[in-house]
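Report on the structure given below.
Chains here go by letter, A, B and C, matching the order in which they are written, and residues are numbered from 1 within each.
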Amino acid sequence: MTVNQRIWINAIIIVLLMTVPLLIKRTDLITWFTYTLLYISLAQSWNLIGGYTGQQNLGHAAFFGIGALCTRFLWLYGLPLPLALVTGAVAATIFAVIIGFPAFRLKGVYFIIGTLVLAEILKIIFFTVLPHASVLPSKILNTYSLTPRYYLSLLMAVITVAVVYWISRSRLGLGLMSIREDEDAAEAAGVNTLRYKLTAFLISTFFAGMAGGVYAYFAAAALPGEMFSAVWTFDAVIIVFVGGVGTILGPIIGSVFFVLLQQLLSLYLPAGSHVLVFGILFIVVVLYLPGGLIGLMTRLRQLSPQKESDQIAA
Amino acid sequence: MLEVEKIDVFRGEIQALWQVSLKIEDGELVSLIGANGAGKSTIVESISGLIPLTGGSISFDGVNLGSKSAHRIVERGISLIPEERGIFPGMSVLENLELGAFTPKSRKKIHESLRFVYDLFPILKNRENQNAGTLSGGEQQMLAIARALMAKPRLLMCDEPSLGLAPIVVKNIFNVIQQINQSGVSVLLVEQNVRAALALSKRAYIIENGHVTGGGESQSLLNDNRVKDAYLGTG
Amino acid sequence: MIQLIAQTFVNGINVGALYGLAAVGLSLTFGVMKILNVGHGEFLMVGGYLAFWMLRLFGVDPFLGLPLIVAALFLLGIISYRLFFATLASFPEEVKVKNSLLVGFGLFLVFPQIARLLWTGDERAITPFYSGGSFPFLGVRIATVPLAGLAVTVILILALHLFLKRTYFGKAVRGTSENWKAAKLMGINVNRTYMITFGIGTAIAGVAGILVGLTQSISPDVGMEWTLKALIVVVLAGIGSVGGAFFAGLILGVLEAVGAIFMGPYTVALGLVIFLVILMFRPQGLFGKA
């Protein structure tokens, strides 16, 4: 597939997505789309630090929460939404700067668990400090429309995917992937690993904060503590892994399947059953299919005889 | 007794041994000599079952060792003292020795083996309850040998026993190895100290870059010009 | 005033012993095989549920039925090891630790959902006829069930200690944890040793689960909470210190009990903060080898 072909396909997909609210009127379907796009943003932002850089940050929810909380309160206070969104994301990034330096002193497993613990501490604090749900005032509720929320979600998803894609093709991306493969070797080759890791971390948390902001705009009522729930992290992680860690398409198809499964299964089984399915898939991926669904598809394609003619044509 | 036939061995993606063959008869003391990195350790680790074979076969007493796991090979009577010695530093000398007799067969004779080993290395008896990590280099080597003997092996393989030890200690170790051989245990000795190895053993194989490039009676090898130039230098 | 302190201390010891017990299994597994089983708490949960249903359906007292739970969780542990962790055993250490963490995470996702499907999300407390009883002792109230739990914990940990120190297989476990390659050369079946060690770890977690069910309650999400507690204790004690895990648990329990007086609802964060502090400034923990 040539670059031009790819650009055309992407453009067509985006245009199609933009027409969704015009063609579909069922609010549950639009909600479904909105959620999928939100998860794409969330997962792709985690993919940058967890997939491309190999630093499995399990505290992602903290930045989602900070973005969500800031955006929510600033917006409800009267700030125009775009400003509130960006401020929320910046707040998340500032927090990332604060904990980034100490966090990255921890290696491997300790980094993973340490970030999780940090996010948990934040959750506890906010659950206790703000125990009451934040409900949208009636003024806004009366004119609540899914359409702008859908478009915002779409915009965020497109931006996040584009940025991560661009990074993956850049020198920064190369450095990040070298850190993922062998940090010591990368350091020895002259890569300033701490600076690269922090850069990826800040970008990742910025978009996590943005995703949180989108959620804050979307949710009619939300418990502040819930915005920091580790479930946001875990959902992102399993989506990325099952989809294909360290790939661009991975988080996208992962999110699509995730939300699809969630909507379907919730009709017949208790809530959360989709996590059971994804959890099993996750274990299978970790043990046997490190490339996730994308990796599986790549391997299947390599087995088919059409591959050669594809290569000759390209 | 031990027949290694044309084995190919890979360490990860890199081939380390090419068509290596060697033979050890019952009661022999045979050396593997060669430079650092020639593949000598790989040979003994393959015989021990720590590294799988990609080609060829190894048989002991006529039985193909195939892809048997390492602990089964110990049960069959082959013990390896690895280059790093591999003693358990946090455990006492006695506990190390006890673990040496882990296989069911050797466990039955554990007391007898302990006595034999303490006779060979009296200093271990003195340090019985000390943590193995606190022993000196030479004592650790003795412990490693003693521990391997606890398994009552019929073939003992020693990988670089003289490494990092003072000459006097080395002399002692080699004496012990000779004693062990005289008590009926076959020995495969991997050594960089070529002179000592050839003095001790009846036969030797020369390993270079993963191939067996020569071999024969130790006496004649000592007089071989190629060996003299490559390995014996002016020592 | 003194009575308040003493009572707090006693309560702290009770809970702390549980923390220690929950941590010992995790410490054992991590120390021996370098597998950080983040799903450890799930086995605790299963143990608790088994004890609950044993009492509810068959009237078997949880303490009397303890050996059954031990056997069941041992079996479950062995099966889980074979299914999920055995393939990781041969990888280099760094990859092994990271991937085992991910696999354990997978267990943490899957087990609670299965529990929820089977047994609903209701909280279950194990309440034999004697629960709730207590007696006064030197001015403090000692509750009988936690006291029995403390006794069970101490006995179990002593038994584990003796097993590791005195028995042949226990020594093999210790040897394997120090140098698995050398252990293989002794004729030790390292894979089987790993499997059995894992089973012992999950069995101990199961017992902890019974005690949690007796003194608190069991629900599908209890696993994560206790995995975190176990992790804090393991880090506090230091990797490789199985006995130290017990004492570190006691310390954490008492600290939390005392902290609760001043910190109220934030007390849960205390352990987490201690965890981070230790990781940053004293990574070898209180008793571990550097």
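Going forward, contacts are C-beta pairs under 8 Å (C-beta built on N, C-alpha and C of every residue); 3 or more make two chains touch, one makes a residue touch a chain.
Values in this document were obtained by computation on a predicted structure and should not be read as measured data.
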Chain at maximum distance from chain C, centres defined as averaged CA atoms: B
Chain ID, smallest distance between chain and overall C-alpha centroids: C
Where chain B and chain C are represented by their mean Cα positions, the distance between them in whole Å: 43
Centre-of-Cα separation between chain C and chain A, whole angstrom: 33
Centre-to-centre distance between chain B and chain A (centres being mean Cα positions), rounded to whole Å: 55
Multi-partner residues of chain B (each touching 2 or more other chains): none
Contacting residues of chain C [partner chain A, same complex]: 36, 38, 84, 87-88, 94, 97-99, 101-103, 105-107, 109-110, 113-114, 116-117, 228, 231, 265-266, 268-269, 272-273, 275-276, 279-280, 283
Contact footprint of chain B on chain C as seen in their complex: 168, 171-172, 174-175, 178-179, 181-191
Residues of chain B that touch chain C when the two form their complex: 48-50, 69-71, 74-75, 79-80, 82, 86-91, 95-96, 98-100, 102-103, 106-107, 147-148, 151
Touching residues on chain A, where the partner in the complex is chain C: 56, 102, 105-106, 108-110, 112-114, 117-118, 120-121, 124-125, 128, 234, 237-238, 241, 269-270, 272-273, 275-276, 278-280, 282-283, 286-287
